[in-house]
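Once you scroll down, you'll see the structures, which are given as structure tokens.
There are two complexes below, and they share chain A, which is joined by chain B in the first and by chain C in the second.
Moving on to the complex of A and B:
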């Protein structure tokens, strides 16, 4: 099963170091020419910058908004709490196609010109459920006596949050942020509809693959994989630290 | 938690103003996130719904004149109907394969592995987070006419011409989908199997039940919610996928999602695309409803 899951990826990584352009198996030698091609191409460079920009802004906004909502839902009992919970998770139940076309027709309607900002809005609503889940599941395991103790010792609500709550939930927030980053970094479905003139990395790969066989796609794909792998590994480290 | 709540209540009697302040705090905490989802999903979706009842006024234009023709067209058109059967059928088939193939893997991970369990789960998660697009491209390089399989076959002299049915076919789409969504199934099945106490399996074995019977009578019923979740999730995401059919499916398997995306991007007929997408959502919802109902009925 793991062979089936990983073999295709292994092949892409392998061919990214191939000397020749063909995809045949007797290798003619190793080279880094496809990586050089990627880094010297302004198309790929711009796309990497665009993807990074979208992902970073998405992460920043969702961390603030999602953490606040997570605290609101776990700490306070209010009417409509169940509805808010449902609402936060709802975007995950819809295919990206639907989110994409709904946003596209809304932007066209309101005459908002498509740009990386419209892409960011799409990514934002797409990642909210995932971050919300991470925060809520951490806060549900939170020992409230710690906050109570801080209050008893005279700390105000903001001091309590900054000095007690935040440091304790920080690893989960970082883990959630990394998950969100890699979701945004890979996203094609919503991006396809909400993108303007600038392209993100997955869209450049999509159009290149659709048009021709270009071995530099192997190299850029490997870079993309390496990126997400770093994130998964750091999440694993964080989780391991948490469990200790 | 309850002790804290009691303590808090005794220390701070909640009066009218306190309740009001509490309401303000909740609004400040939950408000921004609600605003994001409402602004970027609810309002656009409502707008799309309204548009699905309007007339198209040429490329990219919408004429505000009420009509049901988008829906009647979507439901009556024989081409749409064939495509719908194909894409929902293929989606259901891939979801079924994912669940069936996910079962042994999840069973093995949950009940047989001891030390390697964390590692196995970690690998599943890694494969989940490796770029969707890269995996599609990988299948393209494997199955394509200049791909790994074909060049190997030609090299070995087994075939003279590249086998074209490998790529640009429903089989290619199916293989890629199973590759992409199998990890989700495994994770969902594993998490539902983790609720089964291992001593239940031991009891069954002690009572002389064979392994197959233990599986069908104990493991299968108790993990059914996970299977339903995995099936629905995969079914929705595969039937709503327009990237995989466009890259690997060729012309042979235009999907309903491709039709929707074409109506929006290539043809500029947003009302028609909107109507088809709402028909799709209705079908997804019905499938979900039927499956969860069946799952509940079985429990009685």
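Moving on to the complex of A and C:
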């Protein structure tokens, strides 16, 4: 079974360094020409910038909204608390395909022209539950006595949050943000339906593969693999720090 | 420390009442605490002592009543604006800050200058006997060290009142005893006002100027430790501050000199008491007022009246400075303690247990069936 996992990875990585344009054996020798092709292509460059923009804005908004909602739901017993919790988690139950089509028809109905902004809105809806779950689970095992101790020592509600609560939940917020970033970074379904003129990286790769046999796809895939390896390792470090 | 009726009130709790879901935790509570006084709130769990402390700290707001500190009504002042600080039962040091930053937490909020902060944190660490701990990670501290740092973190703010919510209850016995002694020393050095919640009578009695015995949200008795021990107003207090032998009986006769109490077919002697014949009473015989002697050979059986009873040694326990005897007296028991230097009696030995009638307490049994230690 692992053959199907590792053999394709090995082939992609190997051929990203291939001298010639062939995608099949025999391997003709080493070169970095496909990496140069990736970095010199305005198509890829623009796509990377677009994907980064969408992912970063998504992370920023989700961290603020998700944290506030998480605190509200875990700390305060208000009417409609269950409803808030439900709405924050509901999108996770929707198939991406459905969410994409629904958003598209909504944007068409409301005459919002499709752009990276509509993509960002789509990503926001899609990733919110994942971040919310991370924050809520951290807040539920937060020792509220620490906040009482801070109040007792003279900290008002805001100072208590800034000096005690936030530093203690920060590792979870960062871990949640990394998850959100990676979800947004290679999201395809919702992006496909809500995209305007400017494509994101996954869509560019997809259309490149469809149109021609371009070995630069191997190079960009290898870069993505390296990026996500770094990402996974840093999340593991964070989780380890959290548990110590 | 003098404890007189005209003591000026520094911290005043005025008919404070606080209920949770309709159940009163503290009811019509009245208490005056003088500046520099060490007062303990003592009682079983659920007696409202912690709720009272949290009202003084500002974490609970009384439904009725007032809390006045140094002439200022602080009933509704939020905790961060009250000049009081608390040492909690559990460790509440901030795990993301080192020892220095934990202690300096309150000073930073007050924007104290760097030099003053250094000096005051250093002083506080000296006071809790942990100099040189400033750069430590709080997660490496032992339980006792953590509570000392928590104390330093409170003291450094120079609060008008220091509050303690059973700060030693999670610690080992030996460390607890050590810290009790130190806490009393620290109180003496600071001359501060301490309010200390505990369910450990020995802790309350050994450290405090005054002890407030609480039950069901109300005061049962307030007094200096010696006063509570010698003159408990109820069996509940006597049991809480002593762990005495308690025999129930009925007053048989009262006269100028003595009182006789019928317990089973015995008539036991106590001093002159404010009771009437026919009253149900609890005869309280503390283990240290009892004397033990070998039963005289050839005696004419057990005396049935007077200030002594005959029995058999059932168990001998050697507890350091004292030897504790359990003596079976027919179907009842008495615990008697004697200094270790005295001859040790053997199990099975026939003995006479005697007392000075004046040392016996007779207390109403009203609340007796609710709690018997």
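The definition used in the following text is that the second predicted complex is superposed on the first by the 237 of 244 C-alpha atoms of A that agree within 3 Å, B and C clash if a C-alpha of one lies under 4 Å from a C-alpha of the other, contacts with A are read in each partner's own complex, and residues count from 1 in each chain.
In the analysis below, a residue touches a chain if its C-beta (ideal position, glycine included) is under 8 Å from a C-beta of that chain, and two chains touch if they have at least 3 such contacts.
Fair warning: this is a prediction, and the values are worked out from it, not measured in the lab.
**Student:** Quick one: classify A:32 as touching chain B (first), chain C (second), both or neither.
**Tutor:** A:32 sits against neither chain B nor chain C.
**Student:** By the touch definition at the top of the document, which applies to A:156: first (chain B), second (chain C), both, or neither?
**Tutor:** The second partner, chain C, only.
**Student:** Please indicate which partner A:164 is in contact with in the superposed arrangement: first for chain B, second for chain C, both, or neither.
**Tutor:** A:164: touches chain C, not chain B.
**Student:** In the superposed arrangement, does A:148 touch chain B (first), chain C (second), both or neither?
**Tutor:** both
**Student:** Contacts for A:43 in the overlay, against chain B (first) and chain C (second): which applies, first, second, both or neither?
**Tutor:** neither
**Student:** Does chain B (first) or chain C (second) touch A:226, or do both, or does neither?
**Tutor:** So A:226 meets neither chain B nor chain C here.
**Student:** Please determine whether it is chain B or chain C that touches the greater number of chain A residues.
**Tutor:** Counted on chain A, the partner with more touching residues turns out to be B.
**Student:** Could you list which residues of chain A make contact with chain B in one structure and with chain C in the other?
**Tutor:** Looking at chain A, the two contact sets intersect at 145, 148.
**Student:** In their complex, what parts of chain A are in touch with chain C?
**Tutor:** 143, 145-146, 148-156, 159-160, 163-164, 167-168
**Student:** For the complex, give me every residue of chain B touching chain A.
**Tutor:** 1, 4, 7-8, 22-23, 25-26, 28-30, 32-34, 36-38, 40-41, 43-45, 47-48, 51, 60, 62, 101, 105, 122-127, 129-142, 144, 146-148, 151-152, 155, 179, 182-183, 236-237, 239-243, 246-247, 257, 260-261, 264-265, 270, 273-274, 277, 280-281, 284
**Student:** Please give the residue numbers of chain A that touch chain B in the complex, ascending.
**Tutor:** Spelled out, the residues of chain A in touch with chain B are 1-2, 4-6, 8-9, 11-12, 15, 22-25, 61, 64-66, 68-69, 71-73, 75-76, 78, 84, 87-88, 90-91, 93-99, 101-106, 108-109, 121-122, 124-125, 128, 132, 144-145, 148, 182, 186, 188-189, 192-193, 202, 205-206, 209-210, 213, 217-218, 221, 224-225, 228-229, 231-232, 236.
**Student:** Using the touch rule from the top, collect the residues of chain C that touch chain A in their complex.
**Tutor:** Touching chain A from chain C are residues 57-59, 78-81, 84-86, 88, 90, 92, 94-96, 105-106, 109-110, 153-154, 157.
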